[in-house]
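Heads up, the next two complexes both have chain A, just with different partners, chain B and then chain C.
== the complex of A and B ==
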């Protein structure tokens, strides 16, 4: 049972199944469309296209015999099939239903050897030769191609990144790496990747991918020293998208590796140890000014074992898949193909399990904050850690800080959007900053704090609340009422009245009218009055004072809007004749109210009451 | 503070000479003058009489046999709930007086009180007071009597002691101190109640009187407001009518516990405490209204050793002012009766009786009526003449004058506390603002609306003192006429 929880990577439960590689069948994978092609006898016996998932509809068609297939890819709009059978030309066929017709082809320039081709955009295909890149526009209706642009450069091999439309062209045994970027109708060179001069890089050591929205070139470097292999990450975010080496992942192993990118985490699979490591370039690491050196966020673990159901004679049999097998081929971003087995899996991250492997809550929080589905995980993680017998308060504090820095950014961008700009002014590009994981005060309240609001956890709740509110304050985020109220309640329940007074006095709990009302209902009348006074809420103070039968202090605060009857009625209800006398006198001597004694007939009843209390007094005459 | 400096000079009601001895009310009786002998020596034809002519042995001691059943009282909630009990007993522990209930029924308590006093006394010490919660047990041992006050009224020990002193003086005023000492020297076990028949009524009245009047606390008397001309006319009428009468020491005219005038023999003064006893005598004796009376009276402050003789009568049916003519001549009744007739005639001719009646019939103005709405009430005591003034009680104290007195007593205690006397007291509560101010010339106690702030209070006091200064002729008896 516990064993089950030690895996934080898993293969998709429902892999794409295809015909395995054998003497008749070749298998191709197109990473642009994530499609697997099972080509029997060069397509004469039929081609089965499956992907990107087992559920998606598979294509079946036959091709004329034209020799062995080197590469086969369908256009991005699924209308044109391109097949490379020779080293100098590509054949094109239009789909008509599930059949093919109208076969046409394009040769590359003379003397050039075709290394491969890619569909860069709809109806645009790029041929990569040892002399450079040739970009053509495909016109399926006419069955012709039109030359768009060429780049002349020596190429030994290339790597294609379909998401960023970048091809990395390698020459001089990989010591020269040139990225080229495709735009509709055009292709252009980018600054070279700075590598160690004179060191060879193999095609399989290069991974192209996207990390946090930035195109990245990941180069596996095998060091001479044992267990010192590194992954160098060049991010294409320098000036004019120049690749700059920013991060180095220290693998601490040597041998054969494969790299996947899942949810912006880099997974490095090591075949020899049959384990995978996880890296996050957004976490802090040793930094030499330009490059950050990272270690795996968690101990290396194997991918969770998986089984395949194989139809048996009587009942389906389970076949345990060999993990990290030599037949595995890894594609970006998260695809693993076992060609012998005929399986295509996607690798998924089990985030809660990964968190379990990271002891430092603060690091863990930073990691989860950058995950797509991290919110639930993080809230649960926080609650779990808080509920430990000795919660790591220090780490909790910095964890809250990480959460609230993002929260603060989000609030700011929300505010900017709501701020009205002057008419006619150029509207600034108002892009909502939407963090992957946004944890608001309401989330914390309902998902964490409320669960701690139990008699035996009050002390803990108090600590955590104060820690969270401190973090909010440090980020200039006003604390919401619910939290303030909860803190007050927590203190009250623990009878920590002096702490409560201090918190209110020094503004740890920020003032608000509802909170003052809450204090009032808890019986802290003086504290409530102080808070109302700080808020300048005169009307409320008057009402409270009247409720306390402190008519005269209330009267001193009263402006000219108040009605004298209110004060007189309270004074009369107290049955305190002295108070009633003082009230009448104070009202009469106040210029605001003097008038109303003459005008307002409704006051007559109070004057009569006065006369009955104090016969023959001067105040009743006039 | 400028207000203080300024008002220091005002000192309304001050007069170059006073008919009253100026002293603190709490002062003890220790240094009593022997004024009477002096007067008698001046009048050699006056027969020296033994005034202590009653032999205590003439009486039987039967009443001592009454059986005490004290248990009845300890269960009597009404009796227990009284806010102030006063007991008088002899130094031997014999009951003499109890304010409430029949003292015979709890004679054992008197034993306890006597035991407490004598136990402490055995160590050459004296028991002043015992404090239990809000209750104070105050003891005054004045040879040969022990006086005890058990009070829940919040009065201070010195105020309660002063009241006990008054009780002692009341007893002395009926017997003289020398007589009292003599009785107990002869028989320690004597039951004094036999001699004090009728005095209990006076003590009851005195206690009620002192509980309901600020004059006892202040040690001052209040004058009936009268135009200065009327008061002078009255004084001169008395002087003219009595100037021929020898041995006449004091002539006092009072009405409704207010002094109208006091004419005195040169060199002799009357102490306010003695005057309070006289006021009490008039207040307590309804019978004086019906006829002229001739009564022996000892003024303990004046001379505790002997009697003065008083001719006491009301001026007339239509003017309820009481005239007392005090002499050392025990045979002077008819002379004084004649003089009284003359005085009444003169006053009637000068329309002074109407003047007095008018003042008696008009209710005293309240602060609000005199233009001080924020001022609820005040006491102003002029120290040099031992007179004070208080306005009529207006809202909100009309039905609760006792609360006002409690406030004044507390303030008075703060100003006159022996350990830490204050010069100025400003006390603000939710019900009222209380200011008490003790200067060289006067004491002022003011109760204001609770909303009055300090600066407004100071301004008001300045205005008030100016107002009193303007009215001083009317409110105070500024001349001190003599025969």
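== the complex of A and C ==
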């Protein structure tokens, strides 16, 4: 394995570049819009806004001199600029092209100190002060703001989560944490986050994010014991969204940490060891009834080193970026900013490499099943493991089980949707269950099993197929024809006829007409007949019997639809006069066929044949 | 003189005429003779007579067709398993003493012995020998001493174990009882076996039994047939007896992680074992699986796993490994199967007068009987012995029927015996019904067929 392959986290190849912090320039980041603001001399010398990616169009404008900028953010629709320069008011300016006009401002309540502001919705801005939250509606055309709602509560500092529109207000040195949620035109308190009473929490130890669709508060807890720092995760999905401590991540380290969330995985960066750990709260861990304790899913690794191109004197030079530098600032969900370097990266997960670091295939499968682009990775992973000289059958089995539990749920939800509801009835809110990674039998067939369908891998294919079919059976999923056929062919190619017989005997291979025909073509006439009999395929059985010149048994099975000719023809071809006689007799004694003897001219030839065989018989039907 | 009810073995011998070239060396051609107490002259005379009969009848028919010789008091059966090697078995007919006008007369019951049954017994005897020792000609070489001692080792105890009186149609079928298991349990067994074969590559073939029913075998049916007879007829009953006595059952303390696995062939106690114990070598003979293999038997609760291992140097640590691997898994599987059986399989009882049947499938050698109340050839029957004899006769005549057909027989004592042949299966039914018409019997048979022959194609009759 080359060095290159040992990293499972990487920084975006094309970072957002901006003017680094220096004596003249201040840099701000707005995590609602993911924009970086490089403000030169308080905006007089210009403001450059870039982001969220290097490709997105940058914005250049100048502001009048009004003193140093404390905070700067553009509204969600990119039409209004809000700048905080003092501790009691925010200035607003409307964009007109790339210029600004119509300056207006809003002060917070008297005696309150402004801690910051956020754009909660389009044209709604919330000022957070040490006395609480004030929500205003911005009316850019008139250049005024209208007060909407206020919340009174003591605040020392706050953290904002733009995706869930939740602000976490801290007081008493962080021992009291109150989430407030913003709805259009309104803001309301949520139940408090239960903390350890009396323990201080710093602003930088709080991360707000979303884990598997649920808002979460992640609190970094520095323990007294060395190497015992933990991240406590409170999920805001209790009754009336009460935050409940559900998960604890055991970091096994101490020192300074930073947290990112990528694809619902929690990345914990550790500065001292310059490495990152990955956690997945959906994996199993030690559980004490309410809280699950997690360990990192893979060994801690550094982020993959990266370089920046810097214009040199003659040609561009490569500059190796310092990873985990003290100048790094981390924003949610996956942003890392080096203000000194003037760089904004997104952190990405290299899923196949992460898988490589997880020895247990079953754990690995569970992890990949919850990733956005996990399907390709998982199929490849399965194939890779199967291709090992000694495929880990037991792990594959539990891996298949994980896959098929989701597959089963999906089938059930599909069935529910297809079940017709009575016309005119209000459609019940049927929720479509769409797993992030859905691996169907067709996927397994074309992406895994077909790749193994080679002469030297048949034994492996048989093992894995059985294992997969066992898992399907466990989950009550009927096996599709393609897999059944493949199993039959795999056994036949290995000349394992007695095994095939046993598989049919125990119903492992589900019945179907194509499969019965396949058995017939392979020469398993008895087995084919059995299968046709189970399927009630009388026509096929009659054909087989006629092929064996068993005319009379075939006649016994024949319904009204059969034509007498084929029976007579076979009987005649045998050259067996007695058989021909019996056939004619049987057909004539059947009221249905008796008719056709009178009507169907084409039967005359057989009657003539009969007369030639038995010249003395009295032809009563004529 | 008392009457004799049971068939007796008069003698049994194996000879090869080509081993005697010169006159006076006749004893050379006798490879095995039972009873060993018989003096050499009688032995030579008996063998010579058989040689003569075979030679003589050979003038009229090809040799292999000479199968039996009927005399007033005895029945002699012949079987030539390999060229020039003949096995001969002479049985004493049972007789009754009849008094006719003050004169006692012996009435020998010729019908008691059906050639088909005892020819099958001879073949079974040879197959079992082959399983452990290979062919006669392989064993002989230039010197017959080795072959003679092998034959002695095998046949002397074997002849004593045959229950001649209880041999019947089951010997002809020599079938295998399969456990009617559901798909899930069968697949679990499969996965266990696959894991085993994948982890231990030296395991070439496997078979799994539950009690005396087969669940899975990767050995070709002809060889499996003999192995099955050996396991269910000889080895496992003996094993179960020691289990009942608590002999080899490991007594673990309840605090150690327990599984119930242990070796039947191989080291009996892994903790204290110094040697591997006796591990039989078996000769498999079929198109695909010829060769000799160690047969390792491992048992947990009622489940038995047979591993056929080729040419591997077996050692104790390997056995420990295998034990650790199989023990817990097999214990789980066995208890799952036991649970399933308790729910879904009703044992055959002698309670009612319902129709009794015997089913045989030539394709997979599957056999099922509700006529026999156990699988031990103990003569524990639900119908009269005569009905089974009728079935044997039907079986003998089936070649006349063709691909499908039916024979119905009514006995003097109102017993109906029906034989149906279809799609490589044989289905025999016996029922006791007074004053029944053929139509009623036919309806009854149809009912039984509908319930017992679900899921297979059986000709409508």
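As a working rule, the second predicted complex is superposed on the first by the 605 of 622 C-alpha atoms of A that agree within 3 Å, B and C clash if a C-alpha of one lies under 4 Å from a C-alpha of the other, contacts with A are read in each partner's own complex, and residues count from 1 in each chain.
Note that in this section contacts are C-beta pairs under 8 Å (C-beta built on N, C-alpha and C of every residue); 3 or more make two chains touch, one makes a residue touch a chain.
These figures come from a predicted structure and were not determined experimentally.
**Q** Counting only touches as set out at the top, which of chain B and chain C does A:556 meet: first, second, both, neither?
**A** After superposition on chain A, A:556 lies in contact with both partners, chain B and chain C.
**Q** Look at the residues of chain A and decide whether chain B or chain C touches more of them.
**A** C
**Q** Between chain B and chain C, whom does A:548 touch in the aligned arrangement: first, second, both, or neither?
**A** second
**Q** Touch test for A:252: chain B only (first), chain C only (second), both, or neither?
**A** neither
**Q** Please work out whether A:46 is in contact with chain B alone, chain C alone, both, or neither, and reply first, second, both or neither.
**A** Neither chain B nor chain C is touched by A:46.
**Q** Looking at A:435, would you say it contacts chain B, chain C, both, or neither? Reply first, second, both or neither.
**A** Neither: A:435 stays clear of chain B and chain C.
**Q** Can A:585 be said to touch chain B (first), chain C (second), both, or neither?
**A** first
**Q** After overlaying the two complexes on chain A, where does the chain B footprint on chain A coincide with the chain C footprint?
**A** Shared contact residues on chain A: 550, 553, 556.
**Q** If you look only at chain A, which of its residues touch chain B in the complex?
**A** 550, 552-553, 555-556, 577-582, 585-586, 589, 610, 613-619
**Q** Across the complex, what residues on chain B touch chain A?
**A** That would be residues 363, 366, 368-369, 373-374, 394-400, 430-432, 449-451 of chain B.
**Q** Using the touch definition up top, name the residues of chain A that touch chain C in the complex.
**A** Its residues touching chain C are 390-391, 393-394, 397, 462-463, 466-467, 469-470, 473-474, 495-496, 498-499, 501-502, 505-508, 526-527, 529-530, 532-534, 541, 548, 550, 553, 556-557.
**Q** Along chain C, where are the residues that touch chain A in the complex?
**A** My answer: residues 178, 181-184, 186-188, 190-191, 194-195, 197-199, 216-221, 224, 288, 363-364, 366, 403-404, 423-424, 455-461.
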